[in-house]
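Here come two complexes built around subunit A, the first alongside subunit B, the second alongside subunit C.
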Partner chain A sequence: MVLKDELRQFVTDNLMFGKPCDGFADDDSFIERGIIDSTAVMELVAFLEQRYRFKLQDRELNPDNLDSVNKLARFVASRLEPKFAAELGPGRVLLGPGPLQFAGKNGPGT
Partner chain B sequence: MNTTTTAFSADVLNIDAAAVSAVIETEIRDIVLQRLNRKGVIVAISGGIDSSVVAALCIKALGSTRVLGLILPEADSSPDSLYFANLLAQSLGLRTHLEDIAGILTAAGCYQRRDEAIRKVIPEYKDGYKCKIVLPDQVNGSAYPIFSVVVESPTGERTKTRLTLDSYLGVVAATSFKQRTRKMMEYYYADLLNYAVAGTANRLEYDQGFFVKNGDGAADLKPIAHLYKTQVYQLAESLGIPEEIQKRPPTTDTYPLDQSQEEFYFPLPYDKMDLCLYARNRDVQPEEVAPVIGLTPEQVARAYHIIDSTRRATRYLHRPAVLCEDVPEVPHDAGT
Partner chain C sequence: MCGIAGMFNLDRAPVTPESLRGMIRMLAHRGPDSTGLHLEIGVGLAHARLSIIDLAGGQQPMCNEDSSLWITFNGEIFNYVELREELLAKGHRFSTRSDTEVILHLYEEKGEDCVQYLNGQWAFAIWDNQRRRLFLSRDRLGVRPLFYTQVNKAFLFGSEIKAIFSHPGVTREIDVHGLDEVFTYWCTIPPTTLFRNIHELPPAHSMTVDAGGIVVRPHWENQFERESEVVAPSRERRYADELLQLLISATQIRLRSDVPVGAYLSGGLDSTLTTALAKKHTNARLKTFSVAFDAPEFDESSFQADAVRFLDTEHQEIRCSKNQIGEVFPDVIWHTEKPVLRTAPAPLYLLSRLVRESGFKVVVTGEGADEVLGGYDIFKETKIRRFWESQPDSRMRPTLLRRLYPYLQNLQNQPDAYRKAFFSINVDHNLQPFFSHIPRWQLTAKLKLFFSDAVRAEIGADDGYSKVRARLPKSYSDWDSFCQAQYLETKFLLPGYILSSQGDRMAMAHSVEGRFPFLDHRVVEFASRLPVSLKMKVLNEKYLLKRCAAGLIPPSVLQRHKQPYRAPEACSFLQPAAREYMEELLSPEQLQRDGIFDHRAVALLQDKFRKGTAIGIKDNMGLVGIISTQLLVHQFINHFESRMAPHGA
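Up next is the complex of A and B:
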């Protein structure tokens, strides 16, 4: 599953509670759309840390990193490369020219 | 939203305190005796400015024989609160009952559950330690409002750690026993005396959802919910609330460590927060507000954003139970 799709799925299922998300674009701000509050941010942080196995630092908890699906995907990809990808082993994370993807049946999203 | 027609200044919140007080007193009489059909009012007094003003207004409206003040300390309450509550009662001639709710809270597991939630992020936290939860600086930084817990060891060593979701929810859920237990006790006395319960929220707290649902947010009337805290202080002076209480810094008095309202909830001190809320409600541009309150336009814009998002996030706290189908015979405002 493409990382961005997985993140989008988490946002719609857990932060938007499955409400219709017509017109919800990957660049849309969670703040501007009223999707996220302090509890939702904590839920998002818990998901990122558990799912992608890295610890978010306080200085990383800002809208530049977490305020849209695209920002999230870029941020997670930047943190995954050294932390999680190495644990998974070669070939499990595909860092191609397109969006970051997972591969292999033990990787996230499979 | 209203549109401002005059230049914005710090004076916009100035009121004719005596006139405002008279209006509220008339309303209290009408609400309690006519619309709610109750003989008097219960006011939980914390020794803070809001409950002091509500108690004074109720006494002026109904007379001291129809007002009962409840003093409801628990294990983490500051001794100052008891002192100031007694000072107020003496000053107003207010009848009071003191109910220490620590036993109820202990039986409910309030302290134990809170401490267990803290130990999820600070395992060494144990008896003898003190704690509070705090927010980051939201006006000067771009950080999300994620709480941290500050703990102090018996030797005075402090540790600050960001709360995880489950630890945060655990701390808040356990701590809310305090406000809900107080409200339970208020309604016990209200039932006993056929009184109504007066809430003590000011406008800032009411608008921004700074209360526990079915805890301090529950009441039969809220006499000062339309007044900015700055205006509550003006009423306090007009009503002759003891100067010591007027000068006491606002505190949550909920956690063992001293905790300001800015650390816990509001991004600015109440006087600046009041002005930002007033200005936001009237679409005053941040550039006009900034020099008045000593902030940059960017900081005011950030405060506006926090006001909007907090208002949105706490809207459900104001909602009564939502019915799946309307019951037209029982309107929401039944009895009024």
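Up next is the complex of A and C:
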């Protein structure tokens, strides 16, 4: 499973209990769609820190980084230690010298 | 305090003593001291008595001098002494010293308007055999419960739904609209209940039943007609004096009893003040009772100890663990008769058991002060959101949101951007009447994603809170948001949850009667006229009440940060005492059989709890709500017969 799909799976299973709202797209805002409630952001942060082995700084806890599947994937990819990214296995997340590339079917913004 | 039940066959078919006995037997916990029946052609009234006033002469059902009126009554009329004097002066003759007989004579005198003169907490039915009419009424704030149904030509009523269900002609089915309401407002909105065709008489309403049909009418409404917001210091002093005098009077008349009266002591301002006032007017050493928790974030025992020392009461407490909450929860739900989203009723169930085992039947408590005098954080939240809304681009104003809910650690830890999103000020124009409650209701309504597709389809689309909207008084739109929030809390959540699931039902499960000085209608009406600034001065909640309480309660209790009563939530079901029944009730097979919840969504929720990643309010409310609903289905739909009291019990 690629990074974006894994993040989407987490959000779907843990914040939406397997019932994604109709037409829930990768660019949809979690806040505007009512997916993130008063405390779910802490749950999301706990998942990111545990699964991807980095600590979020307070200044990073903002919707620019966390408010859609695509934003999350971009943020996580930027924060992943290259060593851990390699451990995740080939095809999980592609980090190159240029713009970030994602291994899912849809790239950012699609 | 007691249990009442009855039946009125409009076609005059005979009411059998067996069917009436079957109904009242289900309410034995409300009235263990004696049972009484009255039967006439087509009519039966039943009563289970908890003797508190006129121990020798207060048996019920009771009749007037010529037996043309019969009453079965649950509650207390606290001003019965004064009313009795007035009625005696008008020539009425009494054969008992009870408050019950006062209602009968007042009905003779004033008819259905008699309730206007009562200061108390009541649910009663009067059978008027000259007019062949049943008159039923419920107190202003909804302290005492009353439910009814109609099956063909039979009208049935009872203090609790289980009494009605004991009648073989009544079918037991879940009403998904009641479920929808609990999973939005935390309570049902009367007349809806959790059960199809079972209705709740709303608080402050009376009804008549006769051959012409059923008519339900309001007899009181809480109106906010405020005096000027500009309050000079001398005027503020007068308000404080007047409030204190009212509270003293409200407490004094609530000490009228032929059995000893105790007091609940939570360690907060409200119950410490009612205890202080009760103590001042009790000759005997006052006995107090409280709940302490093993979990420190819920425990208030240090403040309780301060109050006990300061007021010199004889004190007893129960120490409540998560395991105990899980253990008693099925019995708790048997008594609430509706789902709950919090476990908070469970410790109060254990507390009333302690009270009863200590030989007490009556306790004075502090309920109502938060609603009436502006104590809840939701009022603070409303003020801050309106303040922010007046300058939506301000960066400083929304930072005040950090002052809200200081006791909810996860909420405190969230980033400002998310806090702002949750306490949003962007409320649609048509939802403006509910500005104060939209964040809470919208958060709670998200739990409906756990409903099965069939239940969601039956409920239908979001109706914009139309049922609540239909119950708002005409003047509601003229009030400011603070008063509107107070109205919503007092009208719906207070009777629908605080006074029932946490109040009457938990106390009466062990035959204990609660009495609430803050809910004396004189106090409520006085508070509704107060300027908002005296209820919450800037963000200082219950400002005027604190002024009244100064010197009467320990300074530590007066100055402490408000902590609402809470208990360990869903983690209680992961303890040994609950694990087995939880797994059975939430198994995919059982969930599919019962058809209310989506078993896949519930499995994901359970999985989060097992992994320890369920930290949110929504997850906690979800699991408590799902388990309590499944317990209701188990006890009231699937296995009701096994909970019916055996004959002769």
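The working rule: the second predicted complex is superposed on the first by the 81 of 110 C-alpha atoms of A that agree within 3 Å, B and C clash if a C-alpha of one lies under 4 Å from a C-alpha of the other, contacts with A are read in each partner's own complex, and residues count from 1 in each chain.
Everything below uses one rule, namely that a residue touches a chain if its C-beta (ideal position, glycine included) is under 8 Å from a C-beta of that chain, and two chains touch if they have at least 3 such contacts.
Every value quoted in this text rests on a predicted model; they were computed, and no experiment measured them.
S.K.: Taking subunit A as the common reference for superposition, should the pair subunit B and subunit C be classed as clashing or as fitting?
M.R.: When both complexes are placed onto subunit A, subunit B and subunit C end up clashing with one another.
S.K.: Is the number of subunit A residues in contact higher for subunit B or for subunit C?
M.R.: C
S.K.: Once the structures are superposed on A, label A:A77 by its partner contacts, choosing first (subunit B), second (subunit C), both or neither.
M.R.: Touch status of A:A77: no partner.
S.K.: Look at A:G34 in the shared chain and tell me whether it touches subunit B only, subunit C only, both, or neither; answer first, second, both or neither.
M.R.: both
S.K.: For A:E43, is the partner it touches subunit B (first), subunit C (second), both, or none of the two (neither)?
M.R.: Both partners, subunit B and subunit C.
S.K.: Does the superposition put A:N62 against subunit B (first), subunit C (second), both, or neither?
M.R.: both
S.K.: Have a look at 328-336, 508-516 or 598-606 and say which bit of subunit C overlaps subunit B after the superposition.
M.R.: So the stretch of subunit C colliding with subunit B after superposition is 508-516.
S.K.: For subunit A, give the residues common to its interface with subunit B and its interface with subunit C.
M.R.: The overlap between the subunit B and subunit C interfaces on subunit A comprises residues 31, 34, 37-39, 41-43, 46, 58, 61-63.
S.K.: Could you list, by residue number, the parts of subunit B that touch subunit A in their complex?
M.R.: 136, 141-147, 162-166, 168-169, 305, 309, 312-313
S.K.: So in the complex, which bits of subunit A are touching subunit B?
M.R.: Residue list for subunit A touching subunit B: 31, 34, 37-39, 41-43, 45-46, 58, 61-64, 66.
S.K.: Using the touch rule from the top, collect the residues of subunit C that touch subunit A in their complex.
M.R.: Within the complex, subunit C contacts subunit A at residues 410-411, 413-415, 417-419, 421-422, 442-443, 446, 449-450, 598, 600-601, 604-605, 608, 613, 615-618.
S.K.: Spell out the part of subunit A that touches subunit C in their complex, as residue ranges.
M.R.: 13-14, 16-19, 31, 34, 36-43, 46-47, 58, 61-63
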